[in-house]
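Below, each structure is written out as structure tokens.
Here come two complexes built around subunit A, the first alongside subunit B, the second alongside subunit C.
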Partner chain A sequence: MTASSAPLAPALTLRQKARRRRETLTAYTFLLPYLFIFLVFTVFSIGYAFYLSFTRYNLLSPPQWWGLEGYRRVLCVESWFPRPEGAPRPTCDDLFIRKALPNTFKYTAIVVPVQTIISLVLAFAMDQKIRFRRLFRTIFYLPSVTSSVVISLIFVWLFSPIGVINQIFRLNINWLNDPRYAFYTIMMVNIFTTSGTLMLIFLAGLQDIPTALYEAAAIDGANKFQIFRYITIPMLRPVIFFVVTVGIIGCFQVFDQIYVMTAGGPLDSTTTIAYLIYKWAFRDTTVKMGQASAAAFILALIIFIVTLLQRRIIEGSGTVSQ
Partner chain B sequence: MKTLRMTMVLMAIVALILAACAPATPQVVKETVEVEKQVVVTQEVVKEVPAQRAVVRLSGWAASPEETALLQSLLLDFTAENPDIVVKYEPITGDFWATLKTSIAAGTEPDIYYMDIFQFPAFVQDDVMLPLDDLMATTGTKKEEFIPSLIDAFSANGKVYGIPKDFNTLGLFYNKDLFAQAGLAEPTDDWTWDDLKTAAEKLSNPANNIYGLGVPADAGRFPIFVFQNGGSIMTPDFQDTLLDSPEAIEAGKFYTSFRAEKIGAIPADVGEGWQGTVFGKGQFAMVYEGGWLIPYLKQQFPNINYGVVVPPAGPKGEGNLIFTVAYVISKNSKNPEAAWRVINYLTSEAAQRKVMESGFALPTRLSLQESDYLKTNPASAAIFRGALQGARPFMWGLVGSDVNDQMTKALERVYLENQSVEESFKQAAEAIRQKLAELK
Partner chain C sequence: MTTLTQAQPRPLSISDRLILWYDRLKTPLFYLILILWSIICLAPLYFTLVFSLKPVANAYDPPLFWPIPFTLDNFRDVIGALPLFPRWLLNSLIVSLAVTILRVLFCAMGGYAFARMDFPLKGFLFNAMLVSMMIPGQVTLIPAFLVVGPGIIRGGLKIGDITLPTGFGLIDNLGGVILPGIATAFGIFMMTQFYKSLPRELEEAAMMDGLGRWGIFFRIVLPLSQTQLLTLALLTFQGEWNAFMWPLVILRTPENFTLPLGLNWFRGEYYTLISKVLAGSLFNTLPILILFFLFQRYFVQSIAGTGLKEG
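Entry: the complex of A and B
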């Protein structure tokens, strides 16, 4: 048998080679429609936006080369420059540094930990053998499959001065029209919307942990909290990294809830970088497409740096890695 | 026509059969004349096909299904009268300005599009619209046929760029029942600021969530108080703002005093987003709104008993805002003459009368001010009169959206953060100056 198959081997590999080549070709053929769309609508668009970030462009007349002026305007504040009487104004758009940047960081710093903890606790609860857990899972996941615009509109009703929230808690707070509360209201909406998806990711992670570990801990006499702290959390570290990363990227780009609920107001208290980019690019009577593109690349850079840092922190603090 | 042709074909067949049956008879020659006639008919059809039909694309926002249907019926009438022009109506749903501006950037904009006066300066600066003066001359349409404050608003550098299609001004809407309950005489066109304040005091009942006047932090309402106080929002050349002038600050103090004294409120105070709804619910006795409130009340609050007068005059007389939209032609249009004929038809007296009588918009032609419709609809008539008395377009130059933002913020700072009017308006004016500097 072996003798007869040996001379056949090279012929087979040749045929295999041909087959592999054909398979590769087929794969690329299948990928072609997507690759085309990816190249035109993603790669080209990003490249063109990068070019636009160095121009002054209002859509109505062709872009003019502007060098780093757009970046300078985004990143400076007028009061940084001494201005003697009669001297020309430094052309700075204070909104980015004064409002959008601190707002975006504040938003991320609050929403990411809160939604991670809530979804982890929810996932842990849903992993126990409790009644109706399938029903609960569905309910918690429901907001994630609903359009964010619809949820935002529902929350506008709930948080209206005569809305359900104020009625139930006997409060008299103007949630969306008071600069002190508006941003926190939007944070609540976002936590409500995303926790369901993150819960599902955690749940998948939880079910991947071998039961042997839990059994061993139980034999050693660990209580529920100790099991959670010393078995579940360390085993979940890769999942936590994923959830936090996705959360940070999503938070830095928060836009739709703000667009629907407050349009950046009142008094810019809910203006984030993504909303500011939209405002410059589309809402202003004089469109500032170049400046908006510059802000978009600054935002991309911020997200890149923050994700790197966070990867260092989470992966550096433990031994478990993917 | 069809039957004629049929008979001719039948006769030809008969003739052929006859010819086959009995060749060389003189009758056959007689029938060939009929066949020649048939050839003439087909030639006529051939002539019609190559005749150039100019295609004109028209885009606007779709305000409501009824309004869209009305425009489509007007366009249908137009094509019936002008078979050489095909009008393609392409309404833009969603963000009109973002869509329009990006289509101009891509060079695919429609031949005719809606132009809001608020956006007009940017389009003039970048020279993307066609001046209409020469085209107007071809049909004998004169500038003077339109309400001056409207056609002037769409003129720049001595040229007309847009023909106003309709407009709105602000009127003082008042709730007749609340006035009767308070034992007050109803407002008239001769009211002043003092009358407004006295009435607001008597109409208010904060314990029951009823307030005399709606005073929203809205850049589309507040400026009329500045005008009525002899001030302005921008200098005439739009190179500087006058928001920190004494006239504007005084107007700001008067406007915000209503809420401070609890005889006026913003819609959010009573849990609404728009004061039109609050007025319909009977919680604001008076609001400054435009003609758009009339159909809204008719639909949502059919039982409300209300009247409309022109805004009460201030210390320096009348003042009002004009919100207006025009038809303009793109500079890149391949069929400007055809596009002009479409605009000329849509803004003709007949078409405007039809739109007015359907209750959607007010006509921009002076000749229609004496129409029966306005005589029998006093609310619309008050809004129409507003354009004739000291009204200025709702337009603040190239930084219009920033001026609006800053005006809103100036009022919000007074309302929500108890800042003084002087300080808040000065801060707003500085922010506008910063935006003006950015244009350079």
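Entry: the complex of A and C
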């Protein structure tokens, strides 16, 4: 910036040059701690992870160049390949395509809409003339300030076969050990923890809508539903976009709850991409850091595409209503 | 004429009737919704409290709503008899406080540089920082682990006779948990935005008086940004106190665990002693709850602010 404007500016005196040099030095000193973190844990780490994703690396011997083999193993299923005569089938890690990918999408597709609707309804109720609003707000935010591990530990106990939930509702469900229920139990936990935070974001958005808009609509004879449909929802669209984006990103990376509650089981029914990356890189008996890196880049790409698509959809619905 | 039409109102349309019902029912309906969700939010914590006050043998026994038989053994054990619990509490405190103090300071410094100073590559660095916030943590998890722990190259980088370490060797060390958290893009961004909104007059006056950048920053800017620093500190402390994945990757022996890690480990080792885990869980929750009650305004503003500034 300074370089391009230099020819136009009058020639700098030595003193000004010295001062500018000192300013640069001071600025970089101020930034030094962050620059260190940024260079080591962001720039270098992304670059090295990208390199690792093309290697085979079990931590015992140095990374071995592997080309796209890691990506191929992540993205294929063994049964796709007909068994050639005598020759072995190419190796695939079926878990990603058969379990982690569909599970992650299923998880996001259920949790994001449910938590968005619950938090919107709660925020809408809170936006009325309600007594004890501060108390409600505090209570709703409690699950969000509690550690996800603690919440998960408590829910493992609450949802155990002889636990409080089964006793209160006189059920006999093995919530976390039955592949039919385990994933939904984890979804419930996540909806329970995040709805409070999202409610606060929605509430701030609702309170930010100018009352003049509501008054103008009321004078024009719009009824309550029309006001909600044509004023509240369009005015809230940026906030909805934000809440859905945050929700999607959070859901695609869900880890703590799964690690604590089921460790991916039973029968891999709760294995998600983020959990699988951890499992491959740190938990398996022979760690697969290269393959885990490949999966991490695939996850980043998926999050990127889904966020873009979702932005399209929410903005698209905006043009339709106008 | 007019009185006649008023006396005979036109029949109500369906939507009119819906609105009539809505007006009549909305207040009780909204209270019902709010109270229901409050029960859902409070119930897990309530049951945790009740059963942490019951003996280990009764961890699954009714009555569900009242601690009968009553005992304080679990809390006594968590504080005293099981030496690991206080250790985990201390470790959590060390990590959370260290990260909070360092991050608040370094993010304020970085944010101030971006907001007030002119230096080459400023725009590029700021944009690169914003982009980096969109990269999911899973991507950098493995290299970060290698850098903090065993090193990129096992045995170090050999140049001639010299061997340079390529990692910090902080596996199973609280320092390794702290290190990558000392400054974050989000924190820098938040402080930059704040300092941009701060009027320059005071700083300029101080500069006239011959105060240097460091003097201005520590004596004028930092005191002016107390609210913002406190908000960042609270968010950071909460995040670090509850953090799980990164400590899980770095810490190996139970003595070095943080509280969330320790609780999970304890549950795995002594699954019959779940009541102790419940009592320990309350210890993990309590400090954050106290902070939340004391500084509720800051928490709420920071959360609400993230949504508002978007779009």
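The rule is simple: the second predicted complex is superposed on the first by the 276 of 322 C-alpha atoms of A that agree within 3 Å, B and C clash if a C-alpha of one lies under 4 Å from a C-alpha of the other, contacts with A are read in each partner's own complex, and residues count from 1 in each chain.
Basically, contacts are C-beta pairs under 8 Å (C-beta built on N, C-alpha and C of every residue); 3 or more make two chains touch, one makes a residue touch a chain.
Keep in mind that what you see is a predicted model, and the values were worked out from it rather than measured.
A.B. asks: Taking the superposition as given, does A:Pro266 touch the first partner, subunit B, the second, subunit C, both, or neither?
C.D. replies: In the superposition, A:Pro266 touches subunit B alone.
A.B. asks: Would you mind checking which one, subunit B or subunit C, touches more residues on subunit A?
C.D. replies: The partner making contact with more of subunit A's residues is C.
A.B. asks: Would you sort A:Leu59 into first (subunit B), second (subunit C), both or neither based on which partner it touches?
C.D. replies: both
A.B. asks: For A:Phe282, using the defined touch cut-off, is the partner it touches subunit B, subunit C, both, or neither? Pick first, second, both or neither.
C.D. replies: both
A.B. asks: With the two complexes superposed on chain A, say which partner A:Leu309 touches: subunit B (first), subunit C (second), both, or neither.
C.D. replies: Once the two structures are laid over each other on A, A:Leu309 reaches no partner at all.
A.B. asks: Just subunit B (first), just subunit C (second), both, or neither: which does A:Thr42 touch?
C.D. replies: second
A.B. asks: On the A-aligned overlay, A:Ile162 touches which partner chain: subunit B = first, subunit C = second, or both, or neither?
C.D. replies: In the superposition, A:Ile162 touches subunit B and subunit C alike.
A.B. asks: Take the contacts of subunit A with subunit B and those with subunit C, and give the residues found in both.
C.D. replies: 59, 160, 162-163, 282
A.B. asks: Mind pulling up the subunit A residues that touch subunit B in the complex?
C.D. replies: Subunit A residues touching subunit B: 58-61, 73, 78, 88-89, 91-94, 160-163, 174, 176-179, 265-268, 282-287.
A.B. asks: Which stretch or stretches of subunit C touch subunit A in the complex?
C.D. replies: Where subunit C meets subunit A, its residues are 15-16, 18-19, 22-23, 26-27, 30-31, 33-34, 37-38, 40-42, 44-45, 47-48, 51, 59-60, 62, 64, 102, 106-107, 109-110, 112-114, 117-120, 122-123, 125, 128-129, 132, 134-147, 150, 152-154, 180, 182-185, 188, 213-214, 217, 238, 241-242, 244-245, 248-249, 260-261, 263-264, 267, 274, 277-278, 281, 284-285, 288-289, 292-293, 296, 299-300, 303-308, 310-311.
A.B. asks: Inside the complex, what are the residues of subunit A that reach subunit C?
C.D. replies: 1-3, 20, 23-24, 26-28, 30-31, 33-38, 40-46, 48-49, 52, 59, 62, 118, 121-122, 125-126, 128, 130, 136-143, 145-151, 153-158, 160, 162-164, 167-168, 192, 195-197, 200-205, 208, 223-225, 237-239, 241-243, 249, 252-253, 255-256, 259-260, 273-274, 277-278, 281-282, 289, 292-293, 295-297, 299-300, 303-304
A.B. asks: Under the stated contact criterion, what part of subunit B meets subunit A in this complex?
C.D. replies: Subunit B reaches subunit A through residues 95, 97-98, 101-102, 104-105, 118-119, 121-123, 125-128, 266, 268-272, 398-402, 408-409, 412-413, 416-417, 433-434, 437-440.
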